[in-house]
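Each of the two complexes below includes chain A, the first together with chain B, the second together with chain C.
Right, the complex of A and B next:
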């Protein structure tokens, strides 16, 4: 049955690149210019994006190395191989909790932003619920279809974001851009920290390498997959500072949305391009959300093998919804996001890197 | 089996009915599209006293604003209703509602008690602020907060300062346009034709200006019954964010030359008592700075301007090199004159750096700028103690279709 080439159950390297790019582009894209501008207060922040991006690439590459060391095993299995079953239970569950929080955060982000800009009178509970139901529906279906949805969405997302940048370029003022290279290294590194934190996503490679046709390509695909958002973030940051100036950018709640709102397509026919931007942004969040939800279920099913996928969806959805509804206002929501990034650094970066070191030292490999 | 299928279909159908809906549904006929807003201080305190009587303990702001909203009346836009009557006679394509209150949101919600349509700001084109509001301490920033904060609003509305009150500007009845706000919006974009119009400033740029500590300028707008005039500029002090004065039309032209904002327009020069008019096609400027002594910095502007002769009353051979050269020098002198007048006013009198020198230093001498940032326009005021010089060069690229209009010698006729 090879007449439908995409019906196979393995992911190609190129697909993995796109999946990772999509997982990384999420809520952070709306807020990151603010956090970098707050630290660097200059156009030079793009260097921070590069440094932060490079750091994430390095971590992602190492995560890929760890996963491709065990090309046919689940995360739970190889953690068990490296540090034993009790730890494997603990770490996989921790990862599950982290990914549940991720889904909650993304779902709530859609709710908050859709309420703020699109449906002012609709309760945020309702918007969030509606979105969660769609995510749930997607996750209940075929996983391969889900992953391949990324392939369809990413080009559209990139196209619209590039369009937004192109049409706002004419508002760019040189006085906001110059001087170049006036920021010192410590400031740039502080900015880079913010970038590293807002780029969660490459950790999915820990779970999906097993599905790859060529698992040995995992490290490479993480780096390529991260290159897309890093370049995207860099250009967005440049345009935002050029258009708004650093002083304003650090004062806007969602600088990227404001940028989209500023778009004026010549001819005056389309006046509200931001609606298009919201649509595609929700598409990327949908992708990110479904990936994380799927990951949650994968993680939990590798520990509790008895329950079916569908049962897990039914159990997890209310939990996700309740967590998503915890932040009572914008400030709490943003704090939730910040804490989540720190949790991510520990659970998705530090622990797996520690595992990789142990595996190297002990020489644990697939064949064991 | 059939029963189950029936139940299932019924359930799905029911869901379709129960879950479909929209909290935010608002028919377009019920939206009041606000296209222009004018902000004043109230002229009388009658309304304030009435409110005071009704609720003496209500929270009060430092100011009371009188805000005029201009709504579109779609019925008036239909081409059948051409004839114009008094405002509100039913034929007008717009409706102005003025209301008074402590905060902009209060006024906006107050409108709902008087208008059949709920104000909808997404298509706001112009924001006009009265001289008085602009001159009061912080009132300008206070007046803009609502427009910057509310997600419904966009940062691309134009902001202008009215000479005198802002309300009459929206109350004009232009002859060839149906909506005053759209008319003003179009006038403000005519910088290709006139160098005395300050390029449009958006709400977003205003925010930028308020956040940065540089002094800035906004376009000035004046009005009579039938039309407006967008020319001249309002100068704001960067620290207090308060308007300190207006620049006249010529001074604005000088400023546009000095800040590289000339996109077109004309220049007049007198040559042997006869007028020559020059059509500007493009202009650019360069700044050179001598920053050796902080207390006595020297800035030299070089303005280059290109264009064609479009009208002249001076008969001479325009195809001769020497004639063109003399003419170019005269025109250059004229630019220098205007620029010096502007410099005298903003540098010596107002002491505000709207000439872009601070920005220049920040870009070209970032290290120096870091040291004297706080002593530039304030404190030790290095800006005021600096020296500014202007040199202009004009290039006449073409003299038009003809050389001279008539062959007489003017002196004989006189």
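Right, the complex of A and C next:
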């Protein structure tokens, strides 16, 4: 039936905060304690998380500034305003490619982790395919619905991760925690770099600001949206080091999931909580994945305007699936992830920041 | 569609012709058009011992015959001559005279075409023809047998009014108006069904309901083009946003108190003649899990009952699937002692858990359907057969494991705890889909289905209002009446979900 005029089709600021938080929370949070423990080798890694988080917040805030400078324009449109159409085509396409890789990474991550913790015999190809189908279903629906799903799933996911931390606190050993403040600054900064890399997500503000009810709140909502994952990263890191010690944590592939292993529900009603934990964690990975898929389509459709959304889903899905199947083992998969975060820093952080500088210098604004 | 209808040969006589001046002609035409049925009453008599004849035409059973006798026939035949009033000459003046001076019923109207006259007479009114005029006096005399106001069968409550809607739309409007004594209450009337011409009433509060919503409801209702509308289900299926969705997009109720509270929230109710089931739009997922009793009991009780119902909704959909997933794929998740005992009870069961679950859940569906169709006294037999014979014997025969019986019983009880019957039906359907997913992918399949259901719900709208409001879009003010039911004094604003015009429900909210 027809659209009803009174239905509210804009994102509120609070909702944007949740969406950004959920976009950042994904696969990274399951693996990051390993890389930080590798760098800092101590409990002090939480300082790295704080520094890294602050850096991402700053970048995110600037991205928000850039987007809210053009509250009614798409990414392609305002890039074209700032540096001209040829560059706009190039940069939007680059962003499209980056987001395709992000979707592939997330999809494969679900496949890999599910294989490790839920199935042993089911081939990873099938697991990934099932997940991709659900992602397609979400992307095929309305954009607003896709974003609203974040509001449903984030509370569930946060509840679960907080419960995991609370239940495992009793395994915390003080020997693992001490000594405090023993790490030097260069090491901490190295760790911070790892955190910054693993926190991809605030760049979605570049695309979603024009859907907001109050686009001028975009920078604020990025900061608040990042605050949730930064706090989560910090507490998780502390608990993991406290429970496992840095030496153990650096050798675990998914330290956060391993942490859930320690949970014992009173009465032993559920055992092997880590399977259940990851099952629920799929929801937030799903959200991150749909957001990136949606961004891919938005980016590509602003370049190739003639193809419909549904056509793009049909074209992109096989490509995403094939890319996701490229890594042959866990090591290759993790390398894929690492490289992807470097690409992300260039495409999603460096280039937009450059654009912001140019826009500031040239004084390009919405009204032009 | 429209051109097909036009091409169909005209079967019914042209009714838009004006009435004839001569009484005889009119009566013959009426008898011919209606096929002179047995329940058609045509009583001819003369006015005041003059040669001027007149006739009443009505349907036996539809009219209140006492009223016609006392207020019409008696007046014309007996009271009028006795009063000694001077009769005007036959014609228009005569009709006006009768209307003004003789007939003593509340609602009378003049009609001059056959079509208008038939509409009224078929609806239970009486037409009074007087010879020599091409007009007829139509007297409101509807008085058929109706069911008395009864307790709503499908929505019973322990605490709360016992009145339910009936098949008579007048009773229903009365029940609503008695609860909403406000000048702003609107009952907009329309007829639906090209032939059945069923009365339909759109009820809303003029100064609360969003005008765009009311307009959209009316627009959708105006598109209805069918022969007959038997039940509000026809309306529901015609105006819903997505006919492919398994989820109901209208709230169905036979409780006037529910309708009244919906009106105060700025929602629109649709009442249809001939059915006790009213519709309320727009509806959201959470509304279907709420019961009026949440408000009638104190807020702590209401809150707990509500939380229980959300859990019940989850269990009703997911518990058989979780059983299948856990037993088939993840026995490690079950505590080892329990896992062993489940395995031991499943020792003799020849089927995989999925087939076992499918067997039991399908049997339960059968029992439920059979129980509905049977007359009440035999209905209990189904319970005995189902509960004892199938449950007990299936276990001892080694067809299913006792744990499975517990799971199925839990599922059934959980789905009976859903206050909205149409939502419970939805859950029964989805349950099977989730079970299939669990059979293929275990817990992973279950969570993917969970996600898929929410994708669908997030895309679904009811009259344009997102189905997951106020969860997503997030309207925190409405959360006072969502998972929790806040104390009455806290709810000072109307829920945003219905997007009302007037937001304030109470000025201060201070309890004495």
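Everything that follows uses one rule, which is that the second predicted complex is superposed on the first by the 361 of 368 C-alpha atoms of A that agree within 3 Å, B and C clash if a C-alpha of one lies under 4 Å from a C-alpha of the other, contacts with A are read in each partner's own complex, and residues count from 1 in each chain.
One rule holds in what follows: a residue touches a chain if its C-beta (ideal position, glycine included) is under 8 Å from a C-beta of that chain, and two chains touch if they have at least 3 such contacts.
Since this is a predicted model, take the numbers as computed values, not measurements.
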Touching partner for A:251 - first (chain B), second (chain C), both, neither: first
Chain A: partner with more touched residues, chain B or chain C: C
Which superposed partner A:272 touches (first chain B, second chain C, both, neither): both
Which superposed partner A:145 touches (first chain B, second chain C, both, neither): second
Which superposed partner A:119 touches (first chain B, second chain C, both, neither): both
Contacts of A:280 with chain B and chain C, given as first, second, both or neither: second
Partner chain(s) touched by A:66 [first = chain B, second = chain C, both, neither]: neither
Partner chain in contact with A:14 - chain B first, chain C second, else both or neither: second
Touching partner for A:175 - first (chain B), second (chain C), both, neither: first
Footprint overlap on chain A, comparing chain B with chain C: 118-119, 122, 271-272
Contact footprint of chain B on chain A as seen in their complex: 116-123, 126, 174-176, 178-179, 182, 243-245, 247-248, 251, 258, 261-262, 264, 271-272
Chain A partner contacts - residues on chain B that touch it in the complex: 22-24, 122-123, 151-152, 154-156, 204, 207-208, 211-212, 356, 359, 362-364, 366
Residues of chain A that touch chain C when the two form their complex: 1, 3-8, 12, 14-15, 18, 114, 118-119, 122, 127, 130-131, 134, 137-138, 141-142, 144-146, 148-153, 268-272, 275-276, 279-280, 282-283, 286
In the complex, chain C residues that touch chain A: 210, 212-213, 216, 220, 239, 241, 329-330, 332-337, 441-448, 450-452, 454-455, 458-459, 461, 463-466, 468, 471-474, 476, 499
